[in-house]
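Here chain A shows up in two complexes: once beside chain B, once beside chain C.
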Partner chain A sequence: MQDLTQLLRETAEDLLKRKAVGVVIGYGHTGSRGDMTAVFARTPQQVSQLALDGECYRNLAVYLNKPEVRKLGRCAIVVKGCDRRAINVLIRENQIAREDLHIIGITCEGVGDPKMQKCRFCTVHNPPDCDTVLGDPVDIEPEEGEFAAVEAFETKDIDARWNFWKEKLKDCIRCYACRQVCPLCYCKQCVVEKNIPQWVETSSHLRGNVMWNVMRAFHLTGRCIGCGECERVCPVGIPLGLLNQKLIQQVKDKFEFTSGMSADEKGPFSTFDLGLDTDDGIL
Partner chain B sequence: MEAIQTTSTADDDEQTTFEPRIVAFLCNWCSYAGADLAGTSRLGYPPNIRIVKLPCTGRVDPLFILKAFERGADMVLVSGCHPGDCHYTSGNYHARRKLPTFRSLLEFMGIDPRRFQMSWVSAAQGGKWSQVVADITALATELGPFEYFERIRDNRN
Partner chain C sequence: MTDPREKLVVGAGWQEKLVDALHGDNVRVLAPVLTEGTAEFREISAAAEMATEWINTRTPVKAVLFPRTEALVEFERRPGEDVQFTAADNEAVPTVVLGARPCDLNALDVLDTVFNWDYRDKLYAERRAATTFVGVACTRSDEACFCTGMGGRADDNEGSDLFVRPMPDGGAVLEVMNERGAALAKRLDGAAPAVGTEELVPPAQVGAGPFDTEKVKEWLDTHFDDDFWTDMSLKCLGCGACSYLCPTCHCFDIVDESDWRKGQRRRNWDCCSFAQFTKHASGHNPRPEQHSRCRNRIMHKFKYFIDRFGRKACVGCGRCIRVCGAGQDLVDILAEITTAAS
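After this line comes the complex of A and B, so read on.
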């Protein structure tokens, strides 16, 4: 991986020297304990902070439409395939423009040990539509059974499901880390912050927690690309990814849609298809 | 008047008849007019339903549904124009994608999907309206009180 880091630093240095971009957003071991966190390299000197290794979990696309980052000028950003899909959603939702980005894709065999769930079913090991690609092409077929976890959960009966979620959700401390880390939760004012009327109770009590977590998941229907960041950052270990997976499965089954595969796609809730949609379950 | 039924009285007195509370979000153009027609035609239907009038089923945010449950509804109904008849051309087409998907999320979370119903009732279907309300009221009675949120309220976690 060392040479990849070197290659990345050279690419970044070149971009900054040519003033092709104002900032390179990447990974670096700059956390307080040397842990991997986001690096914003704005001068050729700062590129030495950049690094690439097996700890590149984060989805850096979350920074792209932040006003303080936009101020820095054109962005270069380091992405894995899954992060690249999030950028497609941001483009399709008019949050950023493709021409304002220089995308540095890194080919990826998977992150985490054991490998994160998403990596086993990944179809974008080689990120598509990038301006620069670093790393050797990866040739790994996705495993079968993308929704096995959802299906296994659905073997529980309805009361057992509710008891499961009740036990999990009662721990939520409403830190909103899951929201902050999500590249697609970009509303300037989130519905939980609206108080006239107060749709979601804000104290960390099961009633508001149910509302909050259902809404968070549902607002990502047809948008979530399954990067798994929400679940990874949740301090109390709520399996948020399971809710997201359920909705990803629904959208795939009902609307034949997979989010983030192209910047031209239309979200399933901003369109309809008379050939596909049915009145099933409607009186 | 409705018989307001809490979980505690249900336990105290098995004999109390349970009257479900059903919150219905109706579109202004079709289902609300259909309900009106049922009234002017003097077709009876159970009084368990509380109607909230909206411009269109496309306006129904899933927040409304959850909020109704949180505040004590035993069932929620969303009703609007038949496909093709939307006053705003396509609002019900969007509702037809969004709301059933939401229902499957509720089911995944362990909330009985039968507690959230949808129907298409046109302005001419006063008869269908009274039938729909009779049917879902019977179903809601059979399902019994929706206690999840009540319980949450009672014993803070």
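After this line comes the complex of A and C, so read on.
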């Protein structure tokens, strides 16, 4: 992987030197503990902080929504296939223009040790539509079905499933780490923060927690690309990926749609086409 | 460290005896219980439920005195009547917290200070008066721990009513720190005496961290506006995990929740990392960008609290480092400030 790190640094240095971008958002082993976190290289000297290895599990696309980051100028961003899908959704939802980005794709065999669950059924090992691609093409078969976890969970009866979620959601402390880390939760003001009137209860009692977590998942229906960041950062270990994956399954089943595969796609809930509507509906 | 009033040496089985005696007195006992790879304070019915190997609980002990949500007032309007207000049912329950870590108990000093400063917070004060804390020396630590850098130590008895120094055979040396601790120790009369020597499990070795809090304070005094804040905050995603799980963070919000007839006024944890935290009714936000919010978090802990109350509002428990989804590291931030100040 060392040579890929070198290639990344050279790419970043070139982009910054010729002022093609104002910042390269990438990964680096930062701080005294050496954890792999986001690095924002703004000068050619800072590219030495950048690195690539199997610990690039974060989805850096979330930083494209931060006004503080956008202020730094045109962005180059290091993405894996899953992260690339998130950028497609941001483009299709008019949050960022493709030409404002220099996308540095890295081919990926999966991240984390042990491999993260999302990597076990990933089909986007080679990020599409990138300005620079680093790494050899990866051609590996999924280790398990995309919805294996959902299917296993649904073997439980409805009471067992509801009790499972009650037990998990009662621990939610409402820190909103799930929302903040999500590249697709970009609303300037989240509905939970709208308090005239208060639509969603902010108290972390079971009722408020169920409402928040269900609403968060619903707002990602047809949009979530399954990067799993929400579940990774949850400080109390709520398996949010399972909830997201169920909605991904439903959208695939009912609309034959998988989010983030192209920037030209139209999400099922952001499409209004009377020609496609064969239902009498309520009117 | 404070000299205890009295020391007691007890043999293995002392916890069972204590828990049984407390249950006999109808006292609620909270202790760290292992749950899915982490420890949390839970009500226990027998000492055997208590974790034996844990570094610290996921949620700090502050949640016992200052829960993440609580009702303050209930209100109801019945047809043809005025709105009726009643105090919420949140009477303090006599409680013993068994197995709190020295860092968390050190943090109670911060909470005591702030909840009794210009206004005596009734709910906090009543719970505080009804709760006895049995601290236990840490015999293990992890790489996020930095209590020694904040003036604490793995076997600091400060903040405990009764302090436990574990012995390898399950026995312990108990240090009675005050009246409340003495009352608990009495419930151990007749506990099996220790056998053999009073050799202790050695306390955990916790590194102090590559920073100097005095230098940090000096730098903060003169660097409210500095590019450092923009740089250090780029990574921060603005969630509340670090604050909510911090044993000293104490901000709260008050909300009304109701249907059109009845409801509750509740107090919930709040957090200065949230964009809306300082937003005025006018729409103006004095901390409009993440760097001003990250700066506030550092300033509050290492400058404002010292200026106002004479102590730091950090105890080095390391939770903010463990839970940060963005990999933000308070020790590194303090180290960078120390370097900038040198």
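Definition applied: the second predicted complex is superposed on the first by the 267 of 283 C-alpha atoms of A that agree within 3 Å, B and C clash if a C-alpha of one lies under 4 Å from a C-alpha of the other, contacts with A are read in each partner's own complex, and residues count from 1 in each chain.
Please note the rule applied: contacts are C-beta pairs under 8 Å (C-beta built on N, C-alpha and C of every residue); 3 or more make two chains touch, one makes a residue touch a chain.
Everything numeric in this text was worked out from a predicted model, so none of it was measured.
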In the superposed model built on chain A, check whether chain B and chain C fit or clash. fit
Contact-wise, after the overlay, does A:T221 reach chain B, chain C, both or neither (first, second, both, neither)? first
Just checking: does A:E193 make contact with chain B only, chain C only, both, or neither of them? Give me first, second, both or neither. second
Applying the document's definition of touch, where does A:M261 land relative to chain B and chain C: first, second, both, or neither? neither
Which partner does A:L4 contact after superposing on A: first (chain B), second (chain C), both, neither? neither
Of the two partner chains, chain B (first) and chain C (second), which one does A:W165 touch, if any: first, second, both, or neither? first
In the superposed arrangement, does A:H205 touch chain B (first), chain C (second), both or neither? both
With both complexes overlaid on chain A, does A:I140 touch chain B (first), chain C (second), both or neither? neither
Between chain B (first) and chain C (second), which does A:C175 come into contact with in this model arrangement: first, second, both, or neither? second
Output check: A:K246 vs chain B and chain C. Expected answer is one of first, second, both, neither. What do you get? first
Rounded to whole Å, the nearest C-alpha atoms of chain B and chain C in the superposition sit apart by 6
Intersected contact list for chain A, partners chain B and chain C 205
Mind listing the chain A positions that touch chain C in their complex? 30-33, 35-38, 40, 58, 62-63, 66-69, 173-177, 179-181, 189, 193, 195, 198, 201-205, 208, 229, 232-233, 235-237
Looking at the complex, which residues from chain A come into contact with chain B? 150, 153-154, 158-166, 170, 191, 199-200, 205-207, 210-211, 214-215, 217-218, 221, 243, 246-247, 250-251, 254-255, 268-269, 272, 274, 277, 279-283
List of chain B residues in touch with chain A within their complex: 62-63, 66-67, 70, 83, 90, 93-94, 96-98, 100-112, 117-120, 132, 135-136, 148-149, 152-153, 156-157
So in the complex, the part of chain C that touches chain A is made up of which residues? 36, 38, 58-59, 68-69, 143, 210, 230, 233-235, 237-241, 243-245, 253, 255-257, 266, 268-269, 271, 274, 276, 289-291, 323, 325-329, 331-332, 335
